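What follows is chain A paired twice: with chain B in the first complex and chain C in the second.
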Partner chain A sequence: MTEPLIQVKNLVKYFPIYGGILLKEIGRVHAVDGVSFEINKQTTLGLVGESGCGKTTVGRCTIRLIDPTSGEVYYNGENVLKFRGKQLNQFRCNAQIVFQNPHASLNPRMKIKDILSEPIRIHKLLPKNEIEKRVLQLINEVALEPSHLLRYPHEFSGGQKQRIVIARALALNPEFIVLDEPTSALDVSVQAQILNLLMDLQRKFKLTYLFITHNLNICRHISDEIAVMYVGKMVERASADELFDEPLHPYTQALLSANPVPDPEAKRSKIILKGEVPSPINPPSGCRFHPRCPKRMDICDKSEPPYIQIKPGHHVACYLYSKNES
Partner chain B sequence: MTVNVLLSIRNLKTHFFTEEGVVQALDGVDLEVYEKEIIGLVGETGSGKSVTALSVMRLIPQPGFIVDGEIFFKGKPLHLLSEEQMLRIRGKEITMIFQDPMNALNPVFTVGNQIAETILLHNDVTYKEAFNQSIELLRKLNIPKPERIVNSYPHELSGGMRQRIQIAIGLACQPALLIADEPTTALDATIEVQVLELIKKLRDEFNTSIMLITHDLGVIAEMCDRVVVMYAGNIVEKTDVKTIFKQPLHPYTQALLEAIPYAEKKKKSRLTTIPGTVPNLINPPSGCRFHPRCKHAMKVCKTLKPMLLEEQPGHFVSCFLYSKNKEAAESKGGVFEPLPDRIIY
Partner chain C sequence: MADDDRAVKNKGLDSEVFHIGVTDLSSGVVERTRMRRFLDFLSRLKNPLTIIGIVIVIGLILAAVLAPFIAPYNPIKIDLTSKNLPPSLDHLFGTDGFGRDIFSRILYGAQISLFVGIVSVLGAVVVGVPLGIFSAYRGGYIDTLIMRIMDIMLAFPSIILAIAIAMVIGAGMHAVTIAILVVSVPIYARIARGSALAVMQETYIEAARAIGAPGVRIIFKHIFPNILAPILVEMTLDIGSAVLSLAGLSFLGLGAPPPYTYDWGRMISDYFSYQAVTRYWWQLTFPGLAIVFCVLGWNLLGDGLRDAMDPKLRLKLSKAAKKIIKDLKQKQHALKRSFKSNKKVEVVN
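Moving on to the complex of A and B:
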């Protein structure tokens, strides 16, 4: 049970910025700057952080939608970045992604039937006469009706579209699904339906999820482990309960205290951070959080704190917790 | 403490006359805003929160019209005013801040210019005085280096800063009512707290009433004094903030509260869901608009429309489950039996 399905080691992704008359490279967006984590089989890792912190880039790198600048991604112990040809095709079947905006993820000119059967046809998973049966099965899995198969995407609401996107991701019997903010475009009542569906599917098909979100409440609900990112770095990773009960990194603490709780009588001391999220084009020196950190020390702007394990399963990158402050 | 009604909306109906049919975006909204209070409007997409706000501002886009109802602001009937009279109220007495600060600011003018413009329009001052006032205003809002910020263009500022500029424009003439339409939805969590704290402070410093439109019940819990829950163009429940979270009466409010994943709730448990989706307002369900999704639906819910009645002191709810509406419906011959064979998908 506890063997990792996905292992990411020191993942780095820079996006070049071109400018000037000759369109030379004039800078780099440090989208992801040295991120390591692993996801165990049949568990969910929640990835939280503010916009621009690199969560989506991490998600896309792990299933190789984009190639990282450096670093390694292992799937079942094999290096994904070395996959070629057939092996890569097989990996594409095993790893799927669900995007944030369901309206933009479906081709408006295709019927739902065609949308769901397309991946099966491309990967030649089933003979032609069995595809229809599989499509019917898929539409049942996501609690839609067979009559919906002949419709076009614009005839559906946002929640139904997201169900179709999930059904399409399931079409190839994947083991690993990256969920990139699957509910942020949806209303609260529909969001609960989708979250329940995702949890049911995980149990039924033994799926492993990487759940990317900026909503901490949702993240705690669905995740086994939570990783917090800040400007391209992972600052803390722990089991969901531990992270909420005992956040160590000052950024995690601030993020948790900023999380609005639907209870008017909850008395909480809020940590209000000063300033803005820095730009990943020119990130601060040392610890990237130091300009906003309420517990800043002298060393923080000089060198980067190491990402270390404090307790079993609890990693943090902060000088408050590293023993040798050299 | 005497409470004075600042804004009162009576039976407001705003419809949009589109090619596909008449969208009944608001279907009889009753609402009042008291002085110095923060009132929260909460609901899902298409529930009519924004249309309510735009109706008050008389800024409903074509082809929408206020077809019925009254809006009184400080005793003045806003629904009867001419466009010229309305211009004098907008920006001075009632202001609005929008969800997306990038689209609300003009990209070719400096922000100082845009704040000064509002002051200049409603006050008898020179441009220079107005510009200096805008620096003062930014200082009051705790914006660092206001002298530098006023000379920058919107694209040079971050999302949170732009939202603060919008708030500054909104407050430039010290309005009596500020309508904030999802002011923090486009912002990150740590910036969201900053902006919410700022809005809270304003109420105390400027004595402004604030109508806060949001879909986030967490924000409601932290900010508001009273809450109005809307569903498909109707107000389903209206009460103070503590009661709404402790003792919600309407089945929609109850379901909505149960559907939010709570950080404190046990994880990996199933969330309670509301079956179905928000109805199409061109052809809304008959009777109570929530009845196709309601687990308590009765025959009467399909035939009669519940009214927003005061069930407990200060607690208004529009549902046939409660005594006031029940009595009213019984006199009209409503049948209180469960609805047979409902299809919910």
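Moving on to the complex of A and C:
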């Protein structure tokens, strides 16, 4: 195995809630509460979980669009959170993000040409006369036509806009791209095109992806490893096939059993969870899944289960697999 | 969909085809769409009131620009042989107590009104809009500080401020312009801040930060073009009120020193006397009408622009669609009526 490109250690992000007449802090949203993972070079880590479990916050903290409350993020062994000025600029060239909604992520008052050349201009990567060439290359890379360069974003369909967003992310020649649900705003046939494009680009430019999604099938298709989050915590991480074949955490099992299988004859037993996703403002004590867990034990609401490696490359946070330590 | 498919097929384009694609486009398609969008925008201004506004504003601008060529008399030349003449073919709007032609003075007055109105509003925009966006962009206590300062400025009466400025730099058009400018800065700061706060929620601002765009670039390239519409509308409306403030201030004698007293407000104050009210009605009426029409024109234009730029009002209905809606309304009405009568029948039973 190659060394990890991105290493996240114990990432925590709380969003304060202000209220009352004096706008004092009256609570915190525990968006991400101690998440650790690493992504190897040229691989894809899929991050799945329900909406509101903190997937997007993890993605934004990883490329430092928002500063985490605590924790460390390493890029090539360097602490991203300590970057200042020039170093941060350099990091911006190396780590990019593609957002969920392509319709909102392009400035409606800028031509595609300007959108694509903007990052190059900001970082002064190329002399002025070569920018145009680079922009043409980029638009070709995402399979759009050069004639599109002089248009405005509202003249494109969702799939085309997402291609433009991907081209903008590629403009700086990054090594690492956070894909924040890049396909969830698109219809199914366009989703497939975008996914294939992303996989082609990964091979061609030796990219590393953090793929955030709630679609398990897409995640399995594109990811080498999959991490499952629940209410700000990472509950399980394993290679894509292993996670699907042998899910260990009860939440992962429930999640996978809810995933539709395109075979009407297939027999499967759905695990129906009771109750609702707990509020991240006031998360349950102990294991965050214990109020809904079908295999709950006495210890589960008393202390948090450690996040440990069960098998090589298979991590899980559940007392079912770490009884001896409790 | 079709576009996407075609795009995939074109993936292996060589540079020659690129070239053709680009030249093709720069010559025709873009021009056409931009032209179409502009015409579309113009067609949305087709409200009769807006057209009146546009006509008045264009007329004012023409009067101001062409005043030296179309004014029949010199506006400051005193001719005591023809004083206090009523309107006639020689003197369209009559003459004043010094025999000066009021029509010519009003034409020249348009120069002052438009100059002060436009310069003070532009100045206020140049100062206020960046302040407002910066305030929204930084947030926190800087935001609070800037907005409180704006509140203090908003509470300051423009007339007192103009008198103070005139005391410092001497009475004249520049004092009045600066006074109006300073007083309207907070209006733009507030509008810019409010719109910028809304725009900053958009993903493309976050995308700009992700590619490492510095704050100045985000403010001017990404936020500013997207909040232009409400500012433009406010500017048009504000030129009208600036003209009104100017008239008020120069009525108090804070405008240009003699003999350049052909500003509309100053004319009213100069001519205002018992005799003017009882005998020389034209001396007060025409400068007054000039102010009214000027303010009215800019306000109508501003209202029209606001409606044209409001995306929610952009829905333009075809005749067929209008007919369908009309039919639906009629049916609804008929239904209601029948419902009511049914009820009555029930009550009777």
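As a working rule, the second predicted complex is superposed on the first by the 323 of 326 C-alpha atoms of A that agree within 3 Å, B and C clash if a C-alpha of one lies under 4 Å from a C-alpha of the other, contacts with A are read in each partner's own complex, and residues count from 1 in each chain.
As a convention for this text, a contact is a pair of C-beta atoms (placed from the backbone, for glycine too) under 8 Å apart; a residue touches a chain by one contact, two chains touch by 3 or more.
No experiment lies behind these values; they were computed from the predicted model shown.
Touch criterion met: A:Q193 reaches chain B and chain C at once. Judged by the touch definition given at the top, the superposed model places A:L106 against chain C, while chain B stays out of reach.
Once chain A of one complex is fitted onto chain A of the other, the partner contacts of A:L210 are absent, as it touches neither chain B nor chain C.
When the shared chain is aligned, no partner comes close enough to touch A:L138: not chain B, not chain C. Contacts of A:E155 after superposition on the shared chain: chain C is touched, whereas chain B is not.
When the two structures are aligned on the shared chain, A:C287 is found in touch with neither chain B nor chain C. Once chain A of one complex is fitted onto chain A of the other, the partner contacts of A:V165 are limited to chain C, with no touch recorded for chain B. Looking at the shared chain after the overlay, A:E118 reaches chain C, while chain B stays out of its contact range. For the contact definition in use here, the residues of chain A common to its chain B contact set and its chain C contact set are 143-145, 157, 159-160, 189-190, 193.
Within the complex, the chain A residues that touch chain C are 63, 65, 88-89, 92-93, 96-97, 99-101, 104-110, 118-119, 122-123, 136, 140, 143-147, 149-151, 155-157, 159-160, 163, 165, 168, 171-172, 189-190, 193.
Residue ranges of chain B in contact with chain A, taken from their complex: 44-45, 158, 160-161, 188-194, 197, 215-222, 241-242, 245, 255-257, 259-265, 267-268, 270-275, 277-278, 345. For chain C in complex with chain A, the touching residues are 1, 3-4, 6-8, 10-11, 13, 15, 17-18, 21-22, 24-26, 29-30, 33, 202-204, 206-214, 217, 221-222, 225-226.
Here chain A touches chain B in the complex through residues 50-51, 143-145, 157, 159-160, 187-193, 195-196, 199, 214, 216-218, 220-223, 240-241, 244, 254-266, 270, 272-273, 276-277, going by the rule given at the top.
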